[in-house]
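In what comes next, subunit A is part of two complexes: it sits with subunit B in the first one and with subunit C in the second one.
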Partner chain A sequence: MATENTTPVIKIRNVTKEFGSFTALSGITLDINPSEVVCIIGPSGSGKSTLLRCMSFLEEYTSGEIEIEGRLLGYKKTAAGMVRDSERNIDDVRRNVGMVFQHFNLWPHMTTLDNVTLGLRLSKRIPDAKARDIGRDALARVGLGDFAGRYPAQLSGGQQQRVGIARALAMGPHVILFDEPTSALDPQLVGEVLDTMKKLAVAGITMVVVTHEMGFAAQVADRVVFMDRGRVVEQGKPSALFTEPQSARLREFLDTWRQRNNLFQTDQARLAAVGDRRTTEA
Partner chain B sequence: MERFLDLWLQYGPLMLSGLVTTAWICTFASILGLVAGLLLACVGGTTIAPLRWAVRGYIEIMRGMPILILLFMLYYGGPGIGLRMEATTVGVVGLGFYSAAYFAEIFRSGFQSIPKGQIEAARMAGLSGLQIIRHVKLPQMLVLITPPTVNQIIILVKESAVLSIITVAELTKNTTEFVNETYAVIEPYLAAALLYWLLVEAVAQLGKYVERRVRF
Partner chain C sequence: MFALITDNLPIMLQGAGMTILVSGVAIVLGMPFGLLLCFGVTSSRTWLRRSSRIYQSVWRGTPILVQLLIIYYLLPLIGINVVPVLAAILALTLNTIAFQADIFRGGLQAIPPGQMEAARMVGIRKWAARRHIIVPQIFRLVIPSLVNETISILKNSSLVSVIAVTELMRVSQQIVAATYRPFEIYITAALIYIIINLCLSFAGRVAEQRMAGRA
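Up next is the complex of A and B:
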């Protein structure tokens, strides 16, 4: 965990986001520290994806401040208040932020390697040969070293998402944001993506993961943040959060999740799960 | 029979020169229209509202006006405001800027067909707006917009016949000259129709070739 004098990679202060009259985020304050793996959980519509998109400024936040490594993201302070920054400055502030999307968002007209190297070549202006080396390394790290020449359509969903991860990785980001990276995958393919992410976590890459995979959060996260209705309701180490939820809302959320999982388990496992819940509530 | 041959020997070259004029006017007008149309579509897609309105206005005006009116204004009205152009130049410029409005709409639909997520991924890869157009949007939309673009060029080729009215010596004008001087009507116009068809077919074949090339 962070000590007091480390600069957070991402510093979020009192951030709100409104879509017309709907308030998606109402005053979020959160720090993401170097090498930390933070999982954000919560029901649909709780604002977790919106928060993640604000961290990359794919979504403009309405008020508050987000800083990336000490630099204000998306706005500049003037005498007249906060003004939207130029695209060039926004790109510069977030150049060390990588993002992995729910629907992969690969470019279908390019090979896997070209997908991974496009940003290196065009944005970082790294010569082609060097970019290809970096790209191949990144693909190897996600276990797709032999797939450089394939097109996205020739890959399974899990492989596509790993290319998405390699694409973020290749840019050498200081933090990677994962927006429900396994939600679009069928259950058989979820594992390979989670395993890849685990490896990155072990390697010390700072990660923020919006996810419904409680197992992953419990195993890999340094900190779990529970959001509901645009607020951070509770946060803490997964061991504490999952076993001793403080708020009624989180208890309810975890109960629902356990019940749903029980539907697919054997009698014995169901008993264990019920026991688990009892200890939780005790 | 001999007279018939004489006629074609005399007027055939006139029609062929008309065909050549039509061909190069349409070529330049298409290039001008495509470039201007792409610019319009790019500018129309920016976040700067006045620029978007200007593009919208341009497209509305061009689409709402017969090409002949535009040509009359350029050719007869142009000199009044210091725009003195030869008839053929008016033809290229008029057809070019007129079709630009249609090409712009085709490009716009192409740009809109690219999923938003791909653009966001490109943003996160640090690509600038122009780089996104060049490397992410254009290569994918070419597959989609080639057929309607080819169609629009074919329409342009056939509409170029109205240039005869502002005295451009293109295929229709020269054919009409043939008719007026010989009183043969059906044969020259049939021949002109055939030549237009050949031109259109050439455009269509070129389109098919491009379609094969842009597929990925």
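Up next is the complex of A and C:
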């Protein structure tokens, strides 16, 4: 965990987000410290993805402040108040922020390697040969070293998401934001993506992960943040948060999750029983 | 009858060459501007969106023949003297821009917004992302519609005969005036149009298959 005097990678102060008359975020204050893995959990519509999109300024926040490594994101302070910053400055402030999307958002007309190197070539102006080296390296880190020449449509969902991770990694970010990275995947493909993310966590990359994967949060997170109705309700070490929830809402959320999980296990037990009977009959 | 056709075929093919030139230049010139207009029509800036839509309404809402005659007679009035073929190309280009913008808009809307977001998050600026990520995908999606538009412009280019551009239609009319054999000549002209358009459809299908094979 970070010490007192380190600058947070991301510093969020009293951030609100309104969509018309709907308040998606009401007064979020949160720090993401270097090398920290923070998982954000909560029911659908609690604002966790919106918060993540505000951290990358894909969504403009309505009030409050978000700083990336000490620099204000998306706005500049003038005598007249906060005004929207230029695209150039926004790019500059978030140049060390990487993002991994729920639906991967790979570019389908380019090979895996081109997907990973395009940002290097166009925004960092790195020469082709060097960009390809960095790109191959990033693909190797997610276990896809042999897939450089493939097109996204030729890969499984899990592989596509790992390319998405490699694309973020190749830029050498100081923090990677994961927006429900496994929610669009078939259950049997979730594991490979979570394993890849675990490796990054162990390597000390700062990560903010919006997820429904409680197992991942419990195992990998340094801190779990529970959000509900646009607020941070509770946060802390996963060991404490999952075993001794302080708020009624988190208790309820965890209960629902456990029930669903039990249901699944009962189903498996029932299936196993059916299987047994069949084998005995045969 | 065959002598009539074979005698006149060379000059008709020359006319066909002019037809292909005028409509080809219009289509190709129309593409970059059609793309720009497409981004204008879908822009979040109100003034840009409105003026783009007005342009579209004007050029889609009036007959090509009217557009052609206005440009042909207007340009000399404002002191620009151009040969008829340039006026023809200009009119067809300005017309196809409006239609191509709509074709491209259809393609653009089929591309998930996440594609642009992913580009922005690796530092690629909006226009660079459009060039390298959005536009190539638009083209893959709209090839069939673009072939249709090309065929449509090619047929409409017969209208430029009224401003004395010697393309296929004009040449045919001249031959008919001299020989009084409309049936044979116009059938031949029609066949030439069909052959050109069949070639276009074929080329379109080949291009489509090539691009589809990659993803």
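Everything that follows uses one rule, which is that the second predicted complex is superposed on the first by the 265 of 282 C-alpha atoms of A that agree within 3 Å, B and C clash if a C-alpha of one lies under 4 Å from a C-alpha of the other, contacts with A are read in each partner's own complex, and residues count from 1 in each chain.
Following the convention adopted for this analysis, a residue touches a chain if its C-beta (ideal position, glycine included) is under 8 Å from a C-beta of that chain, and two chains touch if they have at least 3 such contacts.
Everything numeric in this text was worked out from a predicted model, so none of it was measured.
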Fit-or-clash call for subunit B and subunit C when the two complexes are aligned on subunit A: clash
Partner chain in contact with A:157 - subunit B first, subunit C second, else both or neither: neither
Which of subunit B and subunit C A:8 touches, first, second, both or neither: neither
Which of subunit B and subunit C A:181 touches, first, second, both or neither: neither
Footprint overlap on subunit A, where subunit B in one structure and subunit C in the other make contact: 56, 58, 87, 91, 94-95, 97-99, 101, 103, 105-109, 118-119, 122-124, 151, 164, 167-168, 171
Subunit A to subunit B touching residues, read off their complex: 56, 58, 87-88, 91, 94-95, 97-99, 101, 103, 105-109, 118-119, 122-124, 151, 164, 167-168, 171
Footprint of subunit C on subunit A - complex, ascending: 56, 58, 87, 91, 94-95, 97-99, 101, 103, 105-109, 118-120, 122-124, 151-154, 164, 167-168, 171
Sites on subunit B touched by subunit A in the complex: 115, 117-118, 120-129, 131, 135-136, 139-140, 216
Subunit A contact footprint on subunit C (complex, rising order): 112, 114-115, 117-126, 128, 132-133, 136-137, 140, 214-215
